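Okay, so chain A shows up in both of these, paired with chain B first and chain C after.
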Partner chain A sequence: MSANRWLATGNYFATYKEEQRIFFTHTDRLIFSFFLVCVFVWPLVFETNNKYMLVVDNILIAMIAVLGLNMVTGFAGLISIGHAAFVGVGAYAVASVSRVMGNDYIFLTHAWPLMILLSGFIGAVFGAMVGLPAFRLKHLYLAIATLSFQMIFQWAINFMEFFNQGQTIYVGRAFWFTGEVGRNEHYIFWYYVILVILVLMGFMVRNILRTRFGRCLIAVRDNDRAADAMGMHPGLTKVYAFGLAGFFAGVAGALHAYLYRGVGVESFTLHHSITYLAMAIVGGLGTLNGSFWGPMAIKILELQVEKIAEHAGEIFPASTNLATALRPLSFGLVIVLFLMFEPRGIANWWRITRSYFKLWPFRY
Partner chain B sequence: MKKHKMLFFRILMSFVVVLSFATSIQAGEVYKLALSLAITGPTSDAGNPYAKGVEDYFRFVNDTKLLGNDTIECTIRDDQYNNDVTKRNFEDFLDQGIVLYLNYSTGSTMGLKRDFEEEKIPVIPASFHAGNLIDSNYIFLPIASYSEQIIGLAEYVAKNHKGGKAKIALFIHPSAFGRGPVEDLTKAVKAGLNIEIVEVVEHGQDLDNTAMLKRLKSKEVQYVLCQTVQSPVATMIKDANSLGYAAKSFGEAGKITFMGAHYTGGNDLIALSGAAAENFFWTTSYRLTSEKSAGADAQLALAKKYGRDDKAANSHNYTNGIMVAQVATEAIKRVKEKGEKVTRSSLYEELNQMNGAKAFQADTTVGPVTYSKTDHAGVDVLQLYRVDGGVFRSVGVPFSSEYIKKIK
Partner chain C sequence: MTYLTVSDVTLSFGGLKALSNVNLKIQPNLITSIIGPNGAGKTSLLNCVSGFYHPSSGEIHFGGQRLTHASPHQVSKMGIARAFQNLELFRGLSVLDNLLLARHKDLKYNFFQAVIYAGKASRVEAENRQYVEEVIDFMELEPYRKRLVGNLSYGVQKRVEVARALTLSPKVLLLDEPMAGMNIEEKEDIVRFIMDIQNERNITVVLVEHDLGVVMDISNQIYVLDFGELIGSGTPEEVASNPKVIEAYIGEE
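Take a look at the complex of A and B:
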């Protein structure tokens, strides 16, 4: 190991334990801490409004969901095209309590951290169940199994009276130590809640990857037969990966329910599943920081395309179809371009940038 | 010299004072309103002309100084029929300080209902879903609800069908928008409406309805009442014509008569289904440009003034947009006339008083717009139209549903 843990420019690991550290250098830790302070402090320094806080909150929730998707698709190599349904399971776990006990039921409004955790576990159970075909199925066949769960989910919500046939099921306002979280502080309150959960979950992923369970995921992804020969159980590992993804998605869904103060099926469709997948690809499959870059990039892209489509509609009022097509067109184009020119996603740009600064002023 | 300087300074100051006073009179108040709807994306065929109607009427209000020097600033934003985007737009509009909000879809209206209540903001949506009014004080439907429209059509069938109890099928959109009237129609049947509901079909994205139509025929269905949008209806009536099932006149024996609520009809339906649209019965509370009326003339003049094409000018959704803008303008005008400040609460109170002698006579609708604390559905009467020679022609006089009152 380098004597100087501030300016290490390469791998100087002498022990396995050293290689498993969360932060390789003190500089990394310092930068991360500084960044963390910034994201916690900026809403207190700058003037915020509900619209932008809603966008930011949405991005953070998508990050939690994509962390889960990255576990199953990025680290375990299992394509899931039903991730929005798992998010929906979490949201509908909250909605179910609201439906049975009333939307202002104390467990919903006061014990919301427990409700969020419970939604995560329900998501994990559903995830593990959907992962069961992984014992027998692989690749595209498994992807179709996840797709079928997406379809079953949408169908069940749309037609079951209990779930209000997909119409909005309201969720009451959460309470904090200061009392009910009112409209004015709603988005900022949930910003901090989601941020804390995101940070915890980020560390959770980082830690899982340091354990034998995390290494199992990667081993199974890279070669499941070899992993089997090494004593791992590929089938159980895959089910476990789906369970983990379901947990993350369930938490994201519960947060979505609280943020929007209601749950409707429109937020958990196949389109959303594809969007989550796109976020994971654009961010960088199989990387932790890719789970943060992807949602940010796709959500910002969506906002920009919305603006462009609106302007296009104003400039060419007769060409509504053109404006309508802009969103899916740009969305598809971004994914194709990333797959062609940067399959490792934005995370790779981050890696290159970090290496540059680490090595500076040397090129190699 | 000094005297001259003082004189010049005084004249200059007087000029500045007079000018600033005049400017302040000239400027007037700006009332902020907003509309979020699907200008692009799903249902934009309805949303696009609707947005143009709202935009043109408010431009007209400002250009012709209908509110004196005061003006209406209505921000119109595309949400692509995405409820999450509608929510974001709504939050943005609130930050802008709007006093009245125009919403669009059923899903987003239902989703934002709690926010409307908390913000105490009057809202006029383009959705006529009866469920919008449940547990809600601030939503005002422009016209009779979908339930009222469908029950009204069923009443027309019960009254005019010859030979026993009419057998009806419902062809509905698989959403709250489509399902809303089913329960109410069932209640009306229980309350004594003389029809039989044989089947409720929730359509998918079928490109062919042959099997469904054959099934309905085998069940001796005589009338299909539609509560959806135009394209699935167009597919169905084209198939019915190909199979020779479509009635050429109302209630033709051995055939099926197709009828529909507001968003199933209009010129778009005729454009999509061509000759197959003949004898399609449709109900809405709006006047159409295919029928001569002062409202239709005014609508066409408005569209011409602001350079709209024929398609938009003749769309009933353009009429729809104009009408909600008219209601909003009228409420603002009445609050101003009372000498009160135009706020959310004053507009809310004013809308609730829009009844009796104070009902608003909009030239775009077949009846007056009436609201009260207990009735938030605007125009309570409906007009039945029928496609005849490629255009919608009115059938009889405007009517209102009797059973909707019985089941309330």
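Take a look at the complex of A and C:
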């Protein structure tokens, strides 16, 4: 009897190939495809403006960065407080080309997919380099090593003439088959580019996680003595985890540079590193879908708090200081609340909701 | 023919000598046991062989290869697997994933094939899943296949530990007190598994164990350690009648 592939009620796998599937039923696959189509189509259906597209683009870029952070911190269990610096490395890779060859250099404007890929690899190299202390250091000491990279990065950018001392370095407009991408289409164009890259990277992570290259990360996190006895080099595995995180961050950085058409050091500070970490925690460390929930939740929270702060400023003009303090305050509060009440993050809510709908109308 | 040789191994931590001039000759396809009172250096010896410690002096050879200074992952690639005394499992993963992790070195595909997955990576994964299933079948772990290791009972976790070492497809299996803290029934199970591992899979077993009854019953060869020194060796009968061994275990009259 061939199993019902639409509404399977149990495990009917007959081969190990079937067990490898990402989507167990056709229904799952259909829902996911429908969701993807929606994500691609909505900007065409609804009226969008540049302000909101910028926010959406930002969220997607953060998702790419957090995917990488989740590999190193969530799956490999190595706290990285320098993730914004890796994103910065990607962005400054683009900026360097613009600085040396001029911001309208053809490689920058026409071959931007290659540039993005190149930034990813440069990010990976830096990531692996920063991961080298993992051969000797563990836990918090390693976290401090990554923090030091964050500091070195900021200082290097701020003091080097080549990087315009942290001031904005402009990047030219990208070209598509239809010619230069103009001001009006800019955000919508990059929305699609980032989305395609995000989907590809999502599947990339999914595939890594079901092969030995993902399992070794989890092994090193859970028990690196045993991982060693199982034939994995724990040090190299950790360096590889940092390299992987660096790659994702580098890609995110390059996209950031193109989206803002410029690179300044203020987007890659320690504050941003902590924010990425918060996104990973709120989304759910060590889960794939957490990397999507976290950035969305934190960015939307930031927006709402800003709105409230604005209103508060109008009503109580004397207490604007209070309003500006509202943002870090709410941010910190959310992280603390999540750590206390839902350490497994929003991904856990997603898991509970899913299993509820799967089992409905039964309780368990 | 000797297979795994430990010659004149001394291990010292500062002034403390954990092992002094220990010599072992382990024959292929036999069960060799290492016994001794608490703190005799049994686990230290296993740690030396499996690469977690490196001897201060002396040599360890395995089938012509020198593994005195090899690290654990190199040792495991040579075909020496190790089951730990204090469960060193990946607690957050299922039994299946724990065993799949042990296939790490046998999964022959590169990173880009893994990212694409379809094709080689998928095929190799399926083949290894088959291999893991054979081990699950062999160790009778079917009911726990998808359960989280951290939630299983101690006895089952010990069995997973042995199964994971077995999944490495080793030539030599080092078992560090696989029966510690178990009841009679669970001990009988493990003993049966150890004998099956030796008979059916032709794997050399090195057993460190406190339960002398079990050791005397199943071992082909026994080495006795006391305070880091080898005080006796031979067949179970020889060891049982060795006055030095009796003295170490029971004391002087």
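Here is the rule we go by: the second predicted complex is superposed on the first by the 350 of 364 C-alpha atoms of A that agree within 3 Å, B and C clash if a C-alpha of one lies under 4 Å from a C-alpha of the other, contacts with A are read in each partner's own complex, and residues count from 1 in each chain.
Quick note on the criterion: a contact is a pair of C-beta atoms (placed from the backbone, for glycine too) under 8 Å apart; a residue touches a chain by one contact, two chains touch by 3 or more.
Since this is a predicted model, take the numbers as computed values, not measurements.
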item: Partner chain(s) touched by A:211 [first = chain B, second = chain C, both, neither]; value: second
item: Chain B versus chain C as contact partner of A:219, first or second or both or neither; value: second
item: Partner chain(s) touched by A:168 [first = chain B, second = chain C, both, neither]; value: first
item: Partner chain in contact with A:50 - chain B first, chain C second, else both or neither; value: first
item: First (chain B), second (chain C), both or neither touched by A:20; value: second
item: Shared chain A contacts, counted only where both chain B and chain C touch the same residue; value: none
item: Touch list for chain C against partner chain A, complex; value: 50, 52, 71-73, 76-77, 81-82, 84, 88-93, 97, 100-105, 107, 109, 111, 114-117, 121-122, 125-126, 129-130, 133, 164, 168
item: Residues of chain A that touch chain C when the two form their complex; value: 15-17, 19-20, 204, 207-208, 210-213, 215-216, 218-219, 222-223, 225-234
item: Touching residues (chain side chain A, partner chain B) in the complex; value: 49-51, 54-55, 58, 158, 165-168, 170, 183, 187, 260-262, 264, 266-267, 306, 309-310, 313, 318, 320, 323-324, 326-327
item: List of chain B residues in touch with chain A within their complex; value: 39-41, 44, 48, 77-78, 80, 82-85, 87-89, 91-92, 94-95, 107, 110-111, 113-115, 118-119, 131, 174-176, 179, 309
